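What follows are several structures.
Two complexes come next, and they have one chain in common, subunit A, joined by subunit B in the first and subunit C in the second.
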Partner chain A sequence: MPGKGLLIVRQRSLIAITAALAAGALTLTACGSRDDDSGSDSGGGTTVVIGVDAPLTGDLSALGLGIKNSADLAVKTANKDKVVDGITFKIEALDDQAQPSAGQQNATSFVANKDVLGVVGPLNSSVAESMQKVFDDAKLVEVSPANTGPALSQGADWQTNKVRTYKSYFRTATTDAIQGPFAAQYVFNDAKKKNVFVIDDKKTYGAGLAGTFTDEFKKLGGKVVGTEHIDPDTKDFSAVATKVKNSGADAVYYGGEYPQAGPLAKQIKDAGAKITFAGGDAIYSPEYIKLAGSGSKGDISTSVGAPIEELASAKEFIANYEAEGYKEAYEAYGGYAYDSVWAIIEAVKKVVEDNDGELPSDARAKVTEAVQNVSFDGVTGKVSFDEYGDTTNKQLTVYSVENGVWTPVKSGTYTG
Partner chain B sequence: MSGVGPVEPGEGTRAWDAPEPGAPLLAAPRRGRLARLYARRRRSVLVTAIAAVLLAGGGYLYATRPQEPPPAAAVYPSLVVDVGYLGEEPLPAGASRGAFSFAVKVTTHSGPPVTVLRVTQPYSGISLSSAPRLPVRTAAGSSHKIVITMHVTECANVPQNAGLPFLDVTLRNTRAMQVHSFILGERYAHDLSEALRTYCGSEAASGV
Partner chain C sequence: MNELPQQLVNGLLLGSMYGLVAIGYTMVYGIVQLINFAHGEIFMTGGFGALTVYLYVLPNGTSMWVALPLMLLGAIIVATTVAVGAERFAYRPLRGAPRLAPLITAIGLSLALQQAVWAWYPDAKESINFPQIDGGPFEVGNVTVQTGDIFLLIAAPISMAVLAYFVLKTRTGRGMQATAQDPDTAKLMGVNTDRIIVIAFALGAAFAAIGAVAYGLKYGQVQFRMGFILGLKAFTAAVLGGIGNIYGAMLGGLVLGVAEALSTAYISDIPGMEQFGSQSWANVWAFVLLILVLLFRPQGLLGERVADRA
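Showing the complex of A and B:
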């Protein structure tokens, strides 16, 4: 019977094809699962807390949240990769609101938590001054991703007699001892500005940076046609703007941060002064450009390190940061915060390995000692510290506002 | 006994599961050309289908085989090169008055070779020459000594006390060509300032 025969043929062929497809599918399934690596966020039984101190609210929160998120990413990565056997890292982030008093309270809080074996932060040099002694007394290591005030590591007389005051203080950002002069060289030689009006916010960072800029600018033959200090708690700079306009300056150098720098630059230009506005790493933020408006074209900032997007070592960091879906950008110090956390993780690893796989009773002191000797390839390049606790990576970049974004125009490295 | 039984088909209705009178018991499907062809070539078709599946599986396995990651792109030359100040050098024969010679060591730490294309300095009152003549190529792990001679052309445009003077060095590797500033440090600043002050100071005193 032809109909029945055809059915049988169909069934047999269907079985054969199904079997072949099943065999293929099983093979492919086996193939697909061979590299399957289910990562875990748990590294082991002991929890080590790494404190993060930064301005998480207020005007400077864009930079602070970039630091916090990047620290979080470093800890997640270390736990996933089980970088230290038996240790799970955790961050505890406290908001210093860019205020020294809040920073000091946070330092005391970190010291009181016995699980905290290191702290990353703060952003502001003035806040760091209030925290250093608290940490040093407790032998608790502090690694700042952003402080640039030279005195923090090299003592108050750093220009004539460098002395390290706090053995527990380290930083991954280079200092204003290099940043100020490098900016002066660029403004004088490359931007060809010979008459500069220098303004600062009277804070540790701002006044220090304005000072190192001024010294070098004068040595090069430039003229400082005026100086002013502003009150960072106000946003009305009309009186200063008028003084700048009447000074004949062709550039303004500002030692301070972007929340004031943006409105200051805008008001000076709106007053009719034909100037280029320049500043340090604390104005190197997209927020400055937003605040300064369309007149910010050609303005100049310097910032620590090479442009992070140029670093092969930063590619993975940038990809992972995006994959984590953080709401805020990593900003100027994200890569440095990641490296600061990683320096502490590397130190914990060394201490644990030297103590038969466990944390010793004097873990804080041991971790501080170990940070001094870390050396690894980080997001921002080679990470290690000199005899003052300063980074050995002394690179700087000059940026200019082009098409509404900070664009790198010159990079330099201190090799002295 | 209670309950409602199945509704019987009434007039003008029919049960759909009952065959129509006169309908064939099972309609033999009509065999198309493809079916007839398949029936004749059944073995070949099966072999071909299995071969296709295995080929596809093999292809997938090959495409997704574990592979070494592609070699990382070379990094920017400024990130693998050091330029360090070695100290003053004797002036080359025939150097003009007011010249100042010093040596730098260019070291490439890793990656593909880096070529030093040009060395300049930022002050308009000074010109510069170097020996050996540039370009100089430096392989990973090796260094080159370059002697630089600065010639003062105009004392008015020379800073005699720069704190952190630098050299602009044009570097090239397979990744990029970059002009990078190397700030050679306090010893260089001191030696340069002293040489410039000595020459330009005497020029000023002699009224030239």
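Showing the complex of A and C:
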């Protein structure tokens, strides 16, 4: 054997290998979460905790940290201005790593902490699905600054029969029921792309967005020349890139998030396909441009609301955010996170004022009811909620990559 | 079907990278019967080693033709240091322990390395851009090869040839074979088995580091989690090819890469199979292939060269 045989093994160890492989796969979901409290100093009186759940580590942490910092800013502002007499607000931020299992654990620990009267988050629609019931059972209000999956508020059959499933769930972000068609209209009418290749990552957000885009694009008379679902755990999209190139598409619409969108767009363009890459609010991040490289010029994204930098109402928020010196940018959802926290603060204020300046014993249920009726001028415009808990602000904006930054090109809303 | 040559090239390139990483799994397993689950993270530290050389050691704007060999050297130094350190401080104390103890240690080490890079490497909480080689893609017939892939095309076969020469022809290589066959007898014959084990870890890490540089050039980025899934795939490649066999590792990698590319490209064309054909199903098909191979050849594709221990 020596000379011909190489390294030598016992065969029966293969059983051990199989077991080990399973163990390895399990570790994917077994990472612990980091607690990160960063509230402001307590100034006497009652302390109300507002929970923040977002991915603070991992691929999507840029968006998550923007949410956390903005929530922190809202709480600091409320405490400084003594918005609610005798109440000091504090945030408690938990990391969901963009994973539904971690999100549910966080939801349980928020519920267990009796000082928590409201939770802001999460970022991902798929994480929200795992948290909604936990919060609803505890009558604890949840306001998401970023979830766009329509089913979260309007039920699984939202296209035909809208039913609100959870009374405690609200969001300040516009849903994909509007975002997808809005993008389709821009790609077809304004960008004049008629042959599109639709790709998604099979997650709640990505698949939903790709679905609403596809329906509207076909209705307008466009042609879907191919569809593909990618595996978000890999970075090798060469096989998909080759398919796109050979499909003759002049645009790719991607339902998914920037950690995959960046390399995907880069590899499709490197393969020689002459396409415009388009996606939703989850690729509207400077990280997308960094990962997609110089080929990203002219790529399109849509995002909820009007560009925050152009809103008069957001000037103060941006100035304060910069003054606080946060290390991370507020990113796409910062303004919405601020407004989400503020909706809870307004609700707490209402509840406390109705109860002679003290928190009632059933504060959680009361706050949930009060959030339904809030109405104030926030960072992103008028903040109030409709009968499903969705924002009444249906504004969307198309952005295009020019000179290495996302530049707003068109604001509006989908009118059907 | 003019897509086929391009998809084969896509698969072979991906597979070469799996193969480079799989060598580390297979060598360590062949010699100490340890599945070194931290190997994917050793691959990752190699990528960061190369990046460190480019960002912090070389002056800004160094030509890639000068930088690349130095980055490769940096990657190999970092990866082998981590691997040898892991062997010395995490695995060697457990040499006589039941086999599950070092396995769990390896999984723990894998998480620890990921989190260490996440926490302490500057800006590693996000993907970091990896320097690219300038120059457009190359067209050969209707096959496009990216500039970054040229490195992999050259590095993978050379690495294999060097490794085969080392194991078959050198004194240390023969010592490795002897240790793999029977560590106790090898020791009696004067082979320093501790040294051989360290060399196996170091060699595996060096090939993983070459793979990591190829990864950076191919995908234009490195991130702290890049080793986890890739490590799992490389391990699968090692099992597919016949774990313990270094040719098997490379072949297993290539077969796995091609299987993934072809299943992404063609399964959706089969009538009635549309929903099973997308890239998200490529892993499923890869594992179906693995199961089929193991059903008929439990020793893996090239397992027949491997004799049972006497």
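Definition applied: the second predicted complex is superposed on the first by the 369 of 416 C-alpha atoms of A that agree within 3 Å, B and C clash if a C-alpha of one lies under 4 Å from a C-alpha of the other, contacts with A are read in each partner's own complex, and residues count from 1 in each chain.
Keep this in mind: contacts are C-beta pairs under 8 Å (C-beta built on N, C-alpha and C of every residue); 3 or more make two chains touch, one makes a residue touch a chain.
Keep in mind it's a predicted model, so treat the numbers as computed, not measured.
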* **Contacts of A:323 with subunit B and subunit C, given as first, second, both or neither** => neither
* Asked: Counting only touches as set out at the top, which of subunit B and subunit C does A:216 meet: first, second, both, neither?
  -> first
* To do: Quick one: classify A:112 as touching subunit B (first), subunit C (second), both or neither.
  => neither
* To do: State whether A:413 touches subunit B only (first), subunit C only (second), both chains, or neither.
  => first
* Asked: Is subunit A touched at more residues by subunit B or by subunit C?
  -> C
* Between subunit B (first) and subunit C (second), which, if any, makes contact with A:311: first, second, both or neither? -> first
* What is the shared patch of subunit A, the residues that subunit B and subunit C both contact? -> 2-3, 6, 9, 13, 16-17, 20-21, 23-24, 27-28, 31
* Give every residue of subunit B touching subunit A within the complex, in rising order. => 26, 28-29, 31, 35, 38-39, 42, 45-46, 49-50, 53-54, 56-57, 60-61, 64, 66, 72-73, 75-76, 78-79, 82-85, 122-123, 157, 159, 161-166, 178-188
* Asked: Which subunit A residues qualify as touching subunit B in the complex?
  -> 2-3, 6, 9, 13, 16-17, 20-21, 23-24, 27-28, 31-32, 35, 178, 181-182, 185, 189-190, 215-216, 219-221, 306, 310-312, 381, 410-416
* Would you pull the subunit C residues touching subunit A in the complex into a rising list? => 2-3, 6-7, 10-11, 13-14, 26-27, 29-31, 33, 35, 37, 99, 103, 107, 110-111, 118, 125-127, 129, 132, 137, 144, 146, 167-168, 174, 176-178, 180-181, 215, 218-221, 223, 225-226, 228-229, 232, 235-236, 239, 243-247, 260-262, 264-265, 278-283, 294, 298-299, 303, 305-309
* Which residues of subunit A touch subunit C in the complex? -> 1-11, 13-14, 16-17, 20-21, 23-25, 27-28, 31, 57-59, 61-62, 201-202, 227-231, 233-243, 246, 259, 262-263, 266-267, 270-272, 287, 290-291, 293
